[in-house]
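The same subunit A turns up in both complexes below, where it pairs with subunit B and then with subunit C.
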Partner chain A sequence: MLARIPPQTLRIFALLLVLFTVLLFFSTQVPNYLNGRLFNRISSSVAIMALIACGQTLVIITRNIDLSIGSIVGFVAFATGSLITNNPDIQPLVLATYSILLGACFGVINGLLVAYARIPSIIVTLGTMALFRSALVEYSDAKSITTNNLPTWLVEFPNTQLFNIGTFQFRAAFVVAVLVVIAVHIALTRLRPARKLYAVGSNPEAAEMAGINTKLVVFFAFCLAGALAGLAGFMFLARFGTITVVAGLGFELKSVASAVVGGVNIFGGSGTVIGALIGAILVDLIDMSLVRWQLVSEFWREAVLGTLILLSVAADAILMRRLIKLRVSREKKTTKSEVLS
Partner chain B sequence: MTHFTKLTTAAALMLSTIAGSAWADGHAVSLTAGEEINMVLLPKFLGILVFDQANEGAQEAHAELGNTGDLLFVGPTPENSTAGQIEIMTTSATQGQGVVMISNNAGDQIVPSAVAAQAAGTRVVTWDSPIPSGEGEDVFVAQVDFGSMGIVMADMAHSILGGSGQMAVLSATPDASNQNAWIAAMEIALENEKYANIELVDIVYGDDQAEVSYNRALSLVDQYPDLGVIMSPTTVGIQAAAKAMQDEGLCDQVRVSGLGLPSEMVSYTMNGCAPEFALWDFRDLGYLTYYTAYGLASGQMTGDIGETFSAGRMGDFTIDEDPGRPGSARILMGPFTVYNSENVEAASN
Partner chain C sequence: MSQPVLRLNGISKHFDMTKALSDMSITLMPGEVHAIVGENGAGKSTMIKIMTGIHQPTSGTIDVDGKARSISGPQAARDAGIAAIYQEPMVFPDLDVAENIFISDNSSGLLVRPAALRNRARALIERIGIKLDPSRIASGLTLAEQQTVEIARALSQDVRVLIMDEPTASLSAHEATLLRKIAKTLAGEGVAVVYISHRLEEIFEISDRVTVIRDGNHISTKLIEDVTSDGMITEMVGREVGNYFAKAAGTATNEIILEVRNLTLDGVFENISFDLHRGEVLCMAGLVGARRTDLALALFGVTPPTSGTIKYKGETTHFTTPRVAIEAGIAYVSEDRRKFGLAMPMAIKSNISLATLSDFLSPLGLLKHAREDKIAHHFTDRLNIRAPDVDTPVSMLSGGNQQKVMLAKWLNLNPELLIFDEPTRGIDIGAKAEVHDLIRTFVADGGAALVVSSDLPEVLAMGDRIFVMREGHQMGILDTANATQETVMILATGQLQEAV
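Our next item is the complex of A and B:
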């Protein structure tokens, strides 16, 4: 049976196993831990990071990185908030489209500089991270967006319960994020144009030879990441209501962490957005559990979080290797028995 | 502002101290206008409303004193706060600015650059958040007496909890010197018999970011099922916590209090999620800081403990020794306002 499962799926099983272990461990350490509330907390909080990690994954697959993604989230959240504050009658879909397009515009800047000006993405996005953040500081004029100026539909949207399974509430923001991730996943596995991301990431020269316009592919990866960050900015606004210039600060590194924990190869060419989603859940779960773990003081939390992320990546890698080995030995056995018969 | 000011006992006491010392001394230094002094107002970082309000206050004083020099409002970007503050401090000294007014977010890491600035003839006045060791600082303009801040927080918790229950603190960053001083003062206040039935169960940090604070507040509720109040001495934390309680329908169970901006908190105060919170006027803080800095940099004031000067519309102030940082000079502004459903709407506009 193992032979039929593709390695990417195996990886997701390994991740789920790590997730389960982390849950078990903290349930022995933290009182009132395993219950529906925990699910509701994690699912509402991960909805935003899932979208960002998904965008980050698209970029990483093409051998690039987007460090400006947190600043894009912050800027879009603020700009969307200011638009709806001044024009409260805008239709929900129009507003969401505005956020996505605005995010994509930032993605276009990154994409042009990386793909066509041939500047390494880490340098481009390090620069645009500061640029977009400063643009936000300038644009905001030290005002903040406040919840009471936002329309009710927007504020209530993320916490609307779509359906319940026991005490597990499935809220709109989480469901939307998961649907987006699944849609991107299907595109990446089934659609030819989306498959090009992997081609460019695993071997740019070969992709070029095969007639793929690698520049265009990289450009599109950044645009899509920007668009997803824009959607995340919309969700950020809806969830937190109050937006200041620090909105989305540090999201870039958290999204890279989520992607890498989720099994996305930092050197490009392989990884899934489903993996990144589970990675985001795992990072969030560890972070949230650590706050409640009395043994760890505030000053050590970041260090412990870093260690646990490393451990879970290592555990995931070891599990993967075991599973593949197991599969190879089984394959050998079956081929042997086939030969014998 | 006074017509909706509800002074707590502590604040009233504080006021009388200020007034008492000012009158006792008799002659206050009154500053001569029209000097040329280049000044830098350096907030923790740019883009936060309260710091902009402080700038408005400083600009008002700048115009009033007819300073022919420049008043620059410069600050680091949010992700670069500590390093950026040190850099601006160093640059200001090199440029020969007369005085730097800083809300310190760099802890004692700012000390070497502040000492160097002083050696180069630039005065260093802190406001909002001081230099913890007091080194490299001429004087700290304190918004409130840090000790009475602790009593006010304990009092708000007391009134919200009805005298007994569990309280947790949601602070900014673990190394924010003003927040730490207030929490320490509150812990001391809680030892008083009046608060014997209030239990401080935990202190967590939301890094002054909405999403972190929001998640921390919910973690507190999950961790302590009997929690009655979350005390957040930071404007970001208090509103994130109130939003979290409202979103999860927990307002009947857990209330939020601390330091907040009326414009951001009005809806939570009216719906009972955050029935009481406190804040001082940041415009006044900027105004007073400017007067102090102008006096020092123009040589009209010495900055010694015991000196009294008059700060325009705000009246007379005396430099005293900071009780929390022995040997350091402090000017105490006070008072602050406690907001509730009666006065918050008027203040939010």
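Our next item is the complex of A and C:
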């Protein structure tokens, strides 16, 4: 049966298994661990990271990386906040669109430099990470956005309960994030142009030979990542309300971690955004559970988190190898029996 | 008479100072297999890249169906119905077969229906006449299967000119036969097939016309009936090659340097037994999947065998890692130059010293550049490596010269036993003969060589004896004095098992 499931699906099953194991482990360590509150906490914080990791995945699939993504989130959150503070009558959808477009503009800068100026993405986005952050410092003039100045619809939006399952509350931010991830997933698997994203990351030379406009594909990936970071910036503003110049700091590495834990190949060519979503959940779950784990002091949390991330990636890799081996031996058996019959 | 589908008129191409093509004209008719031959560096690749829109000509024009047309890029080439497949197939390892075939297909709307895609892929694959599951991921395919995927991709785009660049260089004889059959079939359907190959015998087998090019110039285009193999070689190299695959003189001694008995690696090969004498070249022949490379890697300590014995210079040994084998005086020259052999962006001299870096250290632990230079010059002279200087990056050299740099790197270790995996794959005839000479000189000076080769004329010319394998089994050992291509192939295809 396993032999029939495509590898990417297997990978997601393997990840869910790891997720389940982590849950099981902490439930033996932390009293009163498995309850609705855990779900509500994780889902609130994952809502933002899922969007960023989703954009990061698109970029990584094309053999690139976007380190400026955290700075984009910060800038967009601040700019959106100051826009609504000064014009409190703006419609919600218009405001969200503004965030997304602003994020996409930053993506355009990255995309132009990587795809058309042919500068390696790690260098470009290392540079724009600092540039976008400095732009935020300059633009904000060292002031902060505060919750008091924001309209109530915006502040209440992320925690609006859309529906409940038992004690699990499905809040608007999480539902929006999951819907976006699912939409991107469907686009990646079913839209013809999306295949080109994988083609470019899988074998750039062959993609060029096959007549694919590889530059446009890479450019497009960065634009989309920027747009998703823009949406994440909107959510960030709504969730925290108070925005300073350090908003979104460190998100770039956490998004890479989420994607990689989620089975996205850091060398490009393969990976799913569903995987990245589960990766984001896993990283967040571990992070949040460690806070409540008495055995680990505050100072060791980062180290334990890093180790657990490595372990979960290793576990995932080992599981995958096993499953693929199983597939291959099945395939061999079937071809042999075909020959014999 | 029908109209030519593609015609190059006086095409020239310059790269900076070097002239890759000058005044090249060629006419392709629908339904013909048109072979193009020439040494490496003769300009074949440049010509293909101009036909497929990757390069733009410096001067000259291109006609498609009798009308002047510029092929400004790969997409324009595809629109004109021109496609190419290469020795190293251009597949996307992470995508499945069907997705690979239809990657640049824009005909059926925005949405992909995987099941429909697979059915269309299956139809194309069947048209080629082979079996391949369209849902398989490309990274697990053999080279031959990957090429089939590329041919199917070309067919999906309604190809009218199919360029095959050294398509059989990496294939087993059986797979190559199949591929030639496919080329013939496509020509029968009216496609103009451009066939580029170093294997002259297959050119005689399938082509209708042959064009010889040399140093970027068009030398001749003739009907295949009007060409002889000697004549073609003469035109290619511009000189008589007296020693083209001349039979080597035997230098084997009675001393056994390597004695292998009942060597088995579970599931890979079993019961392999042979002796290798000092001064001898033992060639290993067989089709792809014969497990020759696996046997070589086992001898070199990469994948230690599960049972059986290896006696090296009279002593039973267990090489568990390549390092141990290297220290014992064994060198393994890989078939994959890019992957295992050379550090492409590094200079010739750095590549040569790479395996013996500790010999180049001064007492302070710094590299002695003067000594590195000296050794590098010694080898570039001895092996006739053609390069501007020893600081040239290896990536700038031709295949034949890269192969010689790799050989220099291993000779620098002063090995006694050289294991060669496909030493002349994809390099031109002149360089092949030079590599043969180098291997013969090495054994004449007291070494011994084990050569894995799929090139039968080469095996027959260079080897003292031929060890034939098939699917992990030893099929027999032939003396080259009384072996022919046919006797080797009979064993390799398993039509006869010689009593061992």
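Here, the second predicted complex is superposed on the first by the 329 of 341 C-alpha atoms of A that agree within 3 Å, B and C clash if a C-alpha of one lies under 4 Å from a C-alpha of the other, contacts with A are read in each partner's own complex, and residues count from 1 in each chain.
Rule of thumb we're sticking to: a contact is a pair of C-beta atoms (placed from the backbone, for glycine too) under 8 Å apart; a residue touches a chain by one contact, two chains touch by 3 or more.
All of these numbers come straight from a predicted model, not from anything done at the bench.
Once both complexes are superposed on subunit A, the partners subunit B and subunit C fit side by side without clashing.
Using the contact criterion defined above for the overlaid structures, shared-chain residue A:249 touches subunit B, although it does not reach subunit C. Contact with subunit C, but none with subunit B, is seen for A:207 once the two complexes are overlaid on the shared chain. Across the overlaid pair of complexes, the angle with its corner at the CA centre of subunit A and arms to subunit B and subunit C is 130°, in steps of 10. Contacts of A:165 after superposition: neither subunit B nor subunit C is touched. Legend: residue contacts after superposition of the two complexes on their common chain; A:190 is shown touching subunit C, with no touch to subunit B. In the superposition on chain A, A:7 makes contact with subunit C only, while subunit B stays out of contact range.
Comparing subunit C and subunit B on the residues of subunit A they touch gives the larger count to B.
When the shared chain is aligned, no partner comes close enough to touch A:295: not subunit B, not subunit C. When the two complexes are laid on top of each other via chain A, the two nearest Cα atoms from subunit B and subunit C are 33 angstrom apart. For subunit A in complex with subunit B, the touching residues are 30-32, 37-38, 41, 45, 48, 130, 133-134, 136-137, 140, 142-144, 146-148, 158-159, 236, 239-247, 249-250, 287-288, 291-292, 298-299. Of all residues in subunit A, only 6-7, 189-193, 195-196, 198-199, 201-203, 205-213, 265, 269-270, 328 touch subunit C in the complex they form. Within the complex formed with subunit A, the subunit C residues making contact are 52, 54, 73-75, 77-78, 84, 90-95, 99, 103-104, 106, 108-112, 135, 137, 140, 153.
For subunit B in complex with subunit A, the residues that touch the partner chain are 45-49, 51-52, 77-79, 174, 203-205, 208-211, 214-216, 218-219, 222-223, 225, 236, 239-240, 243, 247-248, 263-264, 266-267.
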